[in-house]
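Each structure below appears as structure tokens.
The two complexes that follow have chain A in common; it is paired with chain B in the first and with chain C in the second.
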Partner chain A sequence: MTSVANPAIAPGATEADLDQTTPAGSFSLARGLVAWREEMDAAVAAFFSSCVHCGLCASACPFYVETGDPQYTPIHKLEPLRLLWEQEYTLWGRLKVKAGLDQRRVTDAMLAQWEPLLYDSCSMCGRCSLVCPVGNDIQYMIRKAREGMVASGHAPEGLVAASVRAVTTGSPMGLQWKTLEVQIKHVETATGLTVPIDQPAADYLVLLSSMEIINFPEYLEAITKIFDHAGVSWTLSTQCFEATNAGIQIGSKDIAAQLVQRVVDAAEALAVKNVISPECGHAYTAIRWEGPNVIQRAYPFKVWHIIEVLDQLRAQGRLQTEGKEDDRLSLHDPCNLARKSGVIQQQRRLMDLIAGNFVDLKEHGEFQWCCGAGGGVSSNERAEPLKLAAFKRKKAQIEEVEPERMVTMCATCRTQLEEGLEEFNMDIPVVGLTELIADHLVEKG
Partner chain B sequence: MTSMDFLLFTKGPLFQLALTIFALGLSVRLAEVLLLGRRHNYAEARGGQWLPGLKTVWRRFYPDPGTFQRAPFDVLVGTLWHVGFVIVLLLFIPHVELIKATFDIAWPALPNPVVDAVTAVTMAALVAALIHRLRHPVKRFLSTREDYLIWTVTFLPVVTGYLAYHRLINPYPLALGLHILTVNLFLMVLPFTKLTHIFTAFIARWYNGAIFGRKGVQS
Partner chain C sequence: MAAYPHPGRPHPLPTTAATLGEALREQGVSRRGFLKFCAATASLMALPPTLAPAIASALEQARRPSVIWLSFQECTGCTEALTRSFSPTVESLILDLISLDYHHTLQAAAGTAAELAREQAMHANAGEYLVVVDGSLPGPRANPGYSTIAGISNLQMLRETIDGAAAVVAVGTCAAFGGLPQARPNPTGAVAVSDVVRDRPVINVSGCPPLPMVITGVLAQFLTFGNLPELDEYGRPRAFFGQSIHDRCYRRPFYDKGLFAETFDDEGARKGWCLYRLGCKGPMAYNACATMKWNGGTSWPVEAGHPCLGCSEPNFWDAGGFYRALSVPAGDTRGTLFAAGAIGATVGAGAAVLARQRSAAAKAERTPVTAAELEQTL
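For the complex of A and B:
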């Protein structure tokens, strides 16, 4: 395992480089099938036993709804995994294979054919999992299916490169602490406040996402102001500032574990009580729900999304705001935050503080529609046309309620909304909720 | 073989065989599912699993409004024939009598004309569901031979029951024998096909509700 920082290999990183970052052997079909067997559990078996091909999951999927192409039906994306289950985990299936009555096999050619279905046309938004009449959690199985895709060498180039950069440099975009340091200096100059770094025993360790640091530096400024206002003890860590987890997106527990371990090490080194995931959906899912499982132990600290922390401060009366936005605002719930993590009311209570004219999208909260960019779709250049197609569902939702601005709390969603709205010539700016809160803080006397 | 011999064979030895295959086959299938278990989850839970799991088992009978709007035909026709099938199976007087004779438990049945009407609606809805499967781009794309097989073995007991009740096949023992034959077929096919969803869908729904429930979402 080479985890030596070697940014030189980052730009043209290949699967061979990715292979270097994971323990044991090289990518192969056999390794992919082993990974799938490890993922097989009672829930998966119950799900595959129950699908009657009703196709309702298609009506829940933005990639199908906006393209009308039946191959994007969510359950179809799992056909190779289902075939392995049928042939190895059912008595009847095993007998059919033994008797030569079933000649189908999971092959490299099959996986190559399914690669775009499992990656380009799925943002793992989980909407299909809420709609399936027999109760199949399809998203849960897509996540598992990707484990085998990585191990068999069938992951998209863009995600492979991001994963290699994440492992070798600490950031999926190859961003270094010195870039963040420049941002910190800017924030300190603009606010006159100090950004705490490597403060032992702080209450909160704040993580950031590279995309935020590059595209939305206002986030760091916003939390610096809010935490100063609310008297929160917090810190950044020079040891680890990156919250995102390319391993979760590509679907590799090995890579995910290495990235999660860095956060855990940094949090333990500073002995913090809490870790805050930034305005990023998958980073939160990665560190909150998958992290302890990929490293196989519970954390000695709690994990929060920044929106949860802000809502707690609000409830404790530590967020004093003044004035309200008077334009018509609506909210995009990131899938990872709302449907997949149960953070739904928190952002609405915060909107109440600062929005005078708020309108919810018709389907929101657990039934919201994905922006189209999650689950690694945005790191996968090949998926660009599908990403834009899927966005049309969000666009239709936005058009229904005609907001003047959209508010969200995930940098990937935000970028996708901005790019998508621009593509369709819709003049609707997108803002982060944390910044919006920071704009309305009562000035200290 | 007279029609009476045929009837006695279908409701006697063949029914016993069908029940045995059904019971053994289904037990194996359920064991195959449940024995796989799930890994220990180290992430701190936001909510429980049992109650949200049970709630999801119930809630999936009622689709969310958006899904109903996008697929009203699926929801209406699908619900119609599933409910019709269960009513006819459990509330037709001779069926109640059979259950009473076999398991010594009984409940009130529905009047024959009501069950007759429900059967007609169920058949119509099943035919509509088949046509939809053949025409809808997603359903047609997904459908395998097994999907058409299970449609057939589901439709046959309903249609033969209807024909027997209306004396449209004669002599009567032949009509009843054919009905019981198709029921035997249904029972024998069930454990080896996705007809298992009759049982596993409740397990699937529970897992779905439990997985989401643990994260604080009622799915």
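For the complex of A and C:
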């Protein structure tokens, strides 16, 4: 680690010096820079060199729009990574450093300054990537920048703690199987159905998020009812029930790989054909998109979000519903699901089944606005004021169409919507789409 | 001057008038017509309209300036354009009423007598006369034998003549920029007037041919204010060459709407759409055709349905095909593009290899993050 010539350290400082001034543990600036160099791929180089500094990403970011603070311009959040790229990966940058014309350096102080920008003011919602006129995937680079922040010891405490709990206990909230077992008993009593556990060769392995188990136990009850209704072969796994991935949020592919591997091991142990991500946005992108990359192999099973599965059942005629909600309902698309994964029409077709008075938010689908809590922001207590500030955009969107209830399909979004609406004294309940579907199933005759 | 090649003009203009005003009046040009010309001249020279009477008074009082017109490697097109107006206009009268003491196309004298007239004019008006040149000339390093008059090389004649000149007006693209004689492969080693004249002001009135009004405008300014007009980077009077054909073209709205003629006989051509895709050089051509038009304001090339050739610009002959759209690079650029591409690809590939090595080294060197390490920081 210390053998490599490093032009990006402070002038006059050796890397050993830096090691002593860096935060506790084995993390260091030098280690963070090594992590960044590994992340510096052709896409990053192309993105940085094609940025035209137009600032359109700012107007796409809820954190900038609601605070008006220019430091929250998305591309600015990447300045330390960009500086490293310029000074080590571009000809002019290298010449300027060699000739002593460029005295700027990526330092621990700089990373400490950028930590709130990379974590507190970014939910990795990807709206900036969508509007960038030259096609720079800014969100992709934020994800990469976080790798170096973790390795240099500049990750927020809340996310570090969640990551440690996720690895050591199997849940970012420290939840054990026995807690889930209590919920399963409740569900079985309430429905009179059996929740299948560790069923080999089931069609679907159902994963959950700790947030759902604690805050929204009705989700498990809903899928138990729906799958019974539709005759779906499914199972939970005692080996792994947690779908969320704190490693993705903190930005450590090592931690992420460990957590994804647990899901893969559980799915392979039971030889299931499909794995269902729960009503959680980042869990879905973690397993579906990042997973095979971080464990560096393809899965022998398919991954679906619960909403995709429900829509497939609907298309196959296996979802028989009756009656419609008659109050005015609107939909919040989770960023990870809609913008980052293209699941947009599925939830609307499902809404058609059960909503008699549905109104879409003006900007929805791929251009929806983030609730403000994703990407690890909700696990980071320091980000609380910013999280609420960013929510104001969602609030404004909701006020535009004045629904009586909001529907969504991500536990983090749902919690944020509930807390935010309460903060602004708006009496608009938030429900999960899966539960709404379960409420309207035709009773078996 | 006895020969008048004006088909529409019945009589020659023998005059004894001492000033321009008298001469014009003698020719039946009304005061009103004359003032109209002065107002037009003022606006063309970007002067405030209040200066029109000043121009009128100066022109009326002006002594007939002596002009020596040298024709070198040229086609006489410029002279034709300047003299062949449909009917006598104030411009052509002014042109006639300058004391054109030497112009071998127009003058009656020939041979030794003609050259004598030139020398006399030079001596009589030393330091005050204007030299007008049309045509390029073989340069200092070329064989002077390519173009001679009365056994005198063009270069030598030019140098002798400008010795006592107040200024030199290079009329036409050949004189201004080398034009057709200088086009590749330039067998005569032709150069522009400004390439060999360094010690006198040179005004380039480019165009193939140039607009008659431009030359009279320059003369009018010289007569009125005794100075020369403001010039652009190519030595052309900014008042006439300040705006592109494209910016003042009446077909510009079609360009803005994206309506183009694709061939010379399609619907777009019949409807008078933009000729850009037929090779119009309007966007890079700076001239006053679009506003002043030709033949007494009758029409101009684009109005007649033909794209602008950009004839007032340097090297317009060698700027690729006249009918190739501007976005198509001029000339054969394949070799250059291929070389540039090859160099770029090599440099890029080299840089990519270096960057990849750096990232690969980091990958080998990186220590994975563990939960235990993270826990220590809590």
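Details
The rule is simple: the second predicted complex is superposed on the first by the 420 of 445 C-alpha atoms of A that agree within 3 Å, B and C clash if a C-alpha of one lies under 4 Å from a C-alpha of the other, contacts with A are read in each partner's own complex, and residues count from 1 in each chain.
We adopt the following convention: contacts are C-beta pairs under 8 Å (C-beta built on N, C-alpha and C of every residue); 3 or more make two chains touch, one makes a residue touch a chain.
Small disclaimer: the values here were computed from a predicted structure and weren't measured.
On the superposed chain A, the two partners chain B and chain C do not both fit; they clash.
By the touch criterion defined above, A:Ile214 reaches neither chain B nor chain C.
By the touch criterion stated above, A:Val150 is placed in contact with chain C alone, chain B being left untouched.
For chain A, the partner with contacts to more residues, out of chain B and chain C, is B.
Legend: residue contacts after superposition of the two complexes on their common chain; A:Leu353 is shown touching neither chain B nor chain C. Of the two partner chains placed around the shared chain by superposition, chain C is the only one that A:Val34 touches, whereas chain B remains out of contact. In the superposition on chain A, no contact is made by A:Met110 with either chain B or chain C. Once chain A of one complex is fitted onto chain A of the other, the partner contacts of A:Val431 are absent, as it touches neither chain B nor chain C.
By the touch criterion stated above, A:Ile255 is placed in contact with chain C alone, chain B being left untouched. Applying the stated contact rule after C-alpha superposition, one finds that A:Leu83 touches neither chain B nor chain C.
Once the two complexes are overlaid on the shared chain, A:Glu290 sits against chain B while remaining clear of chain C. Across the two superposed structures, the residue set of chain A contacted by chain B and also by chain C is 40-42, 45, 89, 91.
Those residues of chain C whose C-beta lies close enough to touch chain A in the complex are 351-352, 355, 358-359, 361-363, 365-371, 373-378. Interface residues of chain A facing chain C in the complex, by the touch rule stated above, are 1, 3-4, 23-27, 31, 34-42, 45, 88-89, 91, 150-151, 153, 155, 157, 160-161, 163-164, 166-168, 252, 254-255, 258. By the touch criterion given at the top, residues 40-47, 49-56, 58-60, 64-65, 68, 70-71, 73, 75-76, 89-92, 129-137, 140, 288-293, 295-299, 302-303, 339-344, 363, 366-367 of chain A touch chain B in their complex.
Of all residues in chain B, those touching chain A in their complex are 28-29, 32-39, 41-44, 46-47, 56-57, 60, 63-64, 66-67, 70-71, 74, 78, 136-144, 147, 150, 191-192, 194, 196-197, 200-209, 211-212, 215-219.
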